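First subunit A sits with subunit B, and in the next complex the same chain sits with subunit C.
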Partner chain A sequence: MSGFLTYLVRRLVAAVITLLGVILVMVLLVRALPGDPARIIAGLQATPEQVEQVRLSMGLDQPVPVQYWRYLVNLAHGSLGTSARFGTSVLSEIAHRLPYTIVLAVFGTLFGAIFGIALGVLAATHKGRWADAFGSMLGVAGISMPVYWLGILLIVLFSVKLRLLPIGGADTLSSLVMPTITLGVFSMAVVSRMTRSTMLDTLDQDYVRTVRAKGVAEWVAVRHALRNAFIPILTVIGLQFGTLLGGAVLTETVFSWPGIGQLLVQSINNRDFPLVQGIVFVFAAMFIVLNIITDLLYSVVDPRVRLYR
Partner chain B sequence: MNIPHPAAPRESLSRRWRIRSAVTLISALAIGVTTYASAESMPAPSPNATLTIGIGVDLDTVDPAQQTTTTVQNVIDYGLQTLVAFDTQGKIEPLLATSWATSKDGLTLTFQLRRGVKFQDGTPFNADAVVFCLDRLISGKVRVPIGAGFKSMKSIEAVNPTTVAIHLKHPDPNLVPNLTTTMASIFSPTSATKDGNTPTNIVHPVGTGPYQFTRWSKGSEVVYTRVDDYWGPKPYYKTVDFKIIPEANSREAGLLAGQLDVVMNPPVTDLTSLSSNPAVKVLKAPSDRAVFIAINTAKPPFNNEKVRQALNYAVDKDAIIKNVMFDSVNLMDSPFPSSLSGYCKVGAYRYDPDKARQLLAEAGVKNLKITLGSPTGRYIQDIQFAQAISGYLRKVGIDADVRTMDWPSYVSAILNKNGPFDLHMLGWAPGALDGQTQLQMFTTDTIPPKGLNSSFFSDPTVDKLASEAGLNLDEKTRNQQLCRIQKEVWQQAPWIFLWSQTLILAYNSKITGVSYLPNEKFETMGAHPRP
Partner chain C sequence: MSERREPLLSIKDLRVTFRTRTESVRAVDGVSFDVYPGETLGVVGESGSGKSVTMLSVLRLIPPSTRVVASGQVLFGGKDLLQASKREIRRIRGRHIALIPQDPMTCLDPVLRVGRQVREAIQAHENVAAAEAHRRGVQLLETVGIPEPERHYAQFPHEYSGGMRQRAMIAMGMANAPSLLIADEPTTALDVTIQAQIMDVLRAAQRETRASMVLISHDLGLIAEMADRVVVMYAGHVVESADVQTIFSSPRHPYTLGLIGSLPQTTGNEKWLRPIPGSPPDLADVPSGCPFHPRCFLSRGREICRVTRPELRSLGTGEHRSACHFVAELEGASALPAGELHEGAGR
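Our next item is the complex of A and B:
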């Protein structure tokens, strides 16, 4: 087996072990939430018999190890269970909502990466000048601006005043513009600050000085430096993408975006345990896969990075 | 021998038409915010116009028996109808039934059904359909979270295709009001095994209403389309699109941007500016939802009536209504909101901090430290007015620490006698507008875990009167009994009585005919562009 395949198998085995741990924590944590889930699902006016019936049907009468084992068995059969509230398969609920969240996260990350790197490079190459100050100001604003406030401001400007964009929903491509900006601004700020600092480090390196000494245009030197500064930036972008997948609840709420964040909040409030567990499981799985992909990308970006021997 | 129901049956008009006409008058007189076109100016049904309504709650089900939320009921009601329905005055009117009668022993209710009505799938509406749907409420096979109002039903019988008899375990004056609720909607039994439906879970309801359920995109929208061969007068709009927009500010922006025609519950803080905007009409509809601070009467010193009365005198409700609630609610003057059957005005605990201090001193209470539970975002301005109440209590020497939790945890906490709160906020709306449901908050047999009497209030006089009223089929004497209970409860003060909430609608001023029902629902069947 080649070194790469060995590495991949090793990472996948570690991923499965991590997921088993995630499921265990999930089963334990969800049960630790206050409030009797059977009563909440059955309804406040339900008789004690009806509540017991719900408890039995959800398997909540079983000890935690049994519940854990059942979950794993169902998972092995490709099932994440049935939503206690909707009465439909958890997988179908997630499959309906997840694409919206992924689209938003991809656009948000792209926005953050493109504008973040551009701003960071501009700031680094104009250190101490107005462009640097401008970049820093945008960075601070992007990190500290509440998502909710920015979202409402954009709606007031683009929908109410200019009447250019829909206030929310996911009907057309134009529906993506404001949520993408809202979600991407934070990433942009983080990426630009990381790009600035790593670029400042690399621009001081000997090889960049050598490149400059050859008398090439400045952008060629910057390109050389950026290539080498890219690994920490890539890490940040990868982490940001993961965060955006799971942390878009506020953006989804302000823009009525039918993503999985809203579904998660709704299912926690409904104490719809099978759905909560399913969503958390899918989030965890995506995060792990993303990490593996990011690690693999290191060696693509910088051949000196060898992940395997 | 049968006793005819006092509500005179009427055959010709649909409920929604009469409601709209009545609301036109009432709203114009009472609210003064908006005026409505008369029924005569209703234009012909449009071939393609869409009415877009922004709602704040995503649906969790479209099964009429399984839903738990007034907004969800409101949406489902566009396609489904019930045997009987309320008008704006809370009076029960015929809908799919044309008349009904109660047997002399009070144990059988017989309904005559409207003839010639078809479900939206073309199958006939008849007694078998009524039996099928009402039986779901008592069979135990379907989850009915708010089904307590149907417990008196023993069996349902199709006497002939247009006659249904409901046999009862005991006389129940509140069953007919409960049959107005969305839970008791009649849908096509044939549809119960099609389009993803099962007899125990309906995902595509097929009813007899003027609109047909077309599509539900979870988290996005619910779409209804007009039924062209509807049995009653047809509404103007071809399509009604309910957009799910959880954030109130976004709903308001949608209205101002012209992307939504009607929005439910815009931000209460913006009511003044919305009301003065000529492009917008604001409708504040009185509702049956009482909002109150329940006092845990099982915990000393709150087992002392004087302490509970002191709490009522200590809070300046008028000031809170004006400054925190932006005049969006109506002060309670009885334990019943005024829209409930049997309501009688009892009085007021006017703001009197001196009297509050005096009552506390008489009860021997000083340096009291308590916790006040409040949900966040459940009721209009909830956490904000909880903090205002805490401020008033501090002025009479009670240190009230306001605490909040997510809703399921909160409900769990307030149903526990030894839970973390001494006082907690709650809203309660009997959808059937019956005073008897309101009594569930005050009787011993509904103390948790059996019911929702979350103040753990128990009083033999109230219990006796409540059980007598619950079996009394004579409206006049029942109302007298209910009035005595209201006076008794008001005096003993298991709650800090606050206000009844309003349903606030804001809509494009180019539209007319938007109205409401007294049980916290809006109504757009008569809506159309202003001529």
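Our next item is the complex of A and C:
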């Protein structure tokens, strides 16, 4: 187990270095804004005093290394700064909204994984027949359909015409249905493609022939093939979860889902840079953690995978 | 084995063709032979001659994604396996006919413990509780000579050596005491030192289950040692069949002569090797007439070899059959007695 701990520490150190880079880029980006960042943030109507106020409070009067250092010191004290717009702590703004986004991303991932794997298996076991054709049609549709368009389509159908589901918000469990579908359809398409192609390969492997030669039902052989196809499938699911965080920005806007995607759009409109920085930082951190979890899952799925030695 | 007995398995005019986008590969082209109860039938022939495809077709185990057409009959227990329903063929697989495949390295599911795979073979045909299946699985591993069977039962295939994997495959094959074992080059992928051990295990398994065996091999030494009868295949055809003594002492087909002649042998002090000239034909474009004619020393360009395909005909002496127009010219040809072959053949 100590090998495992070393591995974990190594991954975490790498994660911290990556995050340090992310923060540096964010600090530099604010500097790279044309004109006076303090004026941009304070707004055109702001008085010179207000602009100076912003400059001081955000430390924009300091050189970049000092700003960077301050951000890190703040972070070490568990603070992501203060929202320029609301005057509240960035962390608490994010903490309010984050659970909504996580719920949405988890549901979207589950939707994409379950339906994607099911469709992919169906297509692979019925290669060249109508189920395969239907699956690849859904796949192409899922990948090429813009989120906005799909979201509006669903709203028109289920909320306006059928009056089954609420248009937006997050008041009841049924509010989750359309955002989940909207968010999950893309990853469903990606996962089903990967599942199909990997399964076509594993279904032809000698060890699956061995299973069939035992005289078991075909679905048992399919199960063996699927288990062996899991590593690449898991990889795309992990990657999809990451892009889902990004997809959440659009979906949350369409369905006024109160997650951090929506918050990000608002704070960009408000030129609330501390809040934008905080959200980007949290996105990055989550993406990194997810990658580590996916890698850990490999070794659960495949006994040959040794993460450490 | 006596010819009077009812065959256990009877393959009649089997044809298997793979269709790809551009061509048709006739992997098996009119193969017929019988397997009798209790005997070991050796199937020999160069790589690509259709040995595996023939035997995989018996169990209908050609990969389902390939576009393949099979015709003919495979009679087993009064039933044509090519026509059997999916359910019927499933009941035959593993229970009455078991497959011990060519390459043990790729034939075990890499992500499942070996024990679980052995257990699956047991539970496929019998309603056995998990604990009982476990006990029998461990016992099977012990029977095939896997040390510390209880510990190895819980290990993954990658923790096994090649020889141990093949032992595990044999354990799975004999799990339901089938009446026919199909061993497809069971030792080719293994170390020379391991090969003899594995054959011993296989022989013991056969003895224990009193099964017939179809032993596919390139290795004529092994065939001489194990088989009762031999079928020689070339380019998807059976070109000669006879009991093992006859095949080695008086082969009656130029290809068989070539195979035996190409073995490394010791004559006096001199080692010599005489490979068959040329190489096996492309099965998408098999030569006209006798498929062996471009490589045949006997034909000497005679037209009939290029034009007419020779039938597999009985030579009148017992079960001996050969497919050659000029078989009479081989009268009196002899290779060497099977006994001598044992020492000569490099295994």
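Note that the second predicted complex is superposed on the first by the 300 of 309 C-alpha atoms of A that agree within 3 Å, B and C clash if a C-alpha of one lies under 4 Å from a C-alpha of the other, contacts with A are read in each partner's own complex, and residues count from 1 in each chain.
We take it that a residue touches a chain if its C-beta (ideal position, glycine included) is under 8 Å from a C-beta of that chain, and two chains touch if they have at least 3 such contacts.
Bear in mind the structure is a predicted one, so any value in this text is a computation, not a measurement.
After superposition onto subunit A, the partners subunit B and subunit C occupy separate space and fit alongside each other.
Once the two structures are superposed, subunit B and subunit C can be ranked by residues of subunit A touched, with B on top.
After overlaying the two complexes on the shared chain, residue contacts for A:127 are found with subunit C alone; subunit B is out of touch.
Within the superposed three-chain model, A:87 lies in touch with subunit B and out of touch with subunit C [touch as defined at top]. In the overlay built on the shared chain, the residue A:204 is in contact with subunit C alone; subunit B does not reach it. After overlaying the two complexes on the shared chain, residue contacts for A:144 are found with neither subunit B nor subunit C. After overlaying the two complexes on the shared chain, residue contacts for A:301 are found with subunit C alone; subunit B is out of touch. By the touch criterion defined above, A:40 reaches subunit B but does not reach subunit C.
Once the two complexes are overlaid on the shared chain, A:218 sits against subunit C while remaining clear of subunit B. Taking the two complexes aligned on chain A, the least Cα distance separating subunit B from subunit C is 47 Å. Against subunit A, the residues of subunit B that register as touching in their complex are 58, 60-61, 68, 140, 143-148, 201, 203, 217-221, 243-247, 249-250, 253-254, 256-260, 405-409, 411-413, 449, 451-452. Here subunit A touches subunit C in the complex through residues 127, 200, 203-218, 220, 224, 227-228, 230, 301-304, going by the rule given at the top.
Of all the residues in subunit A, the ones that touch subunit B in their complex are 33-36, 39-46, 48, 50, 54, 85-88, 93, 96-97, 100, 152, 155-156, 159-160, 163, 166-170, 253-259, 262-263, 266, 268-271. Within the complex formed with subunit A, the subunit C residues making contact are 59, 61, 63-65, 86, 90-95, 98-99, 101, 103, 106-112, 117, 120-121, 124-125, 156, 158, 169, 172.
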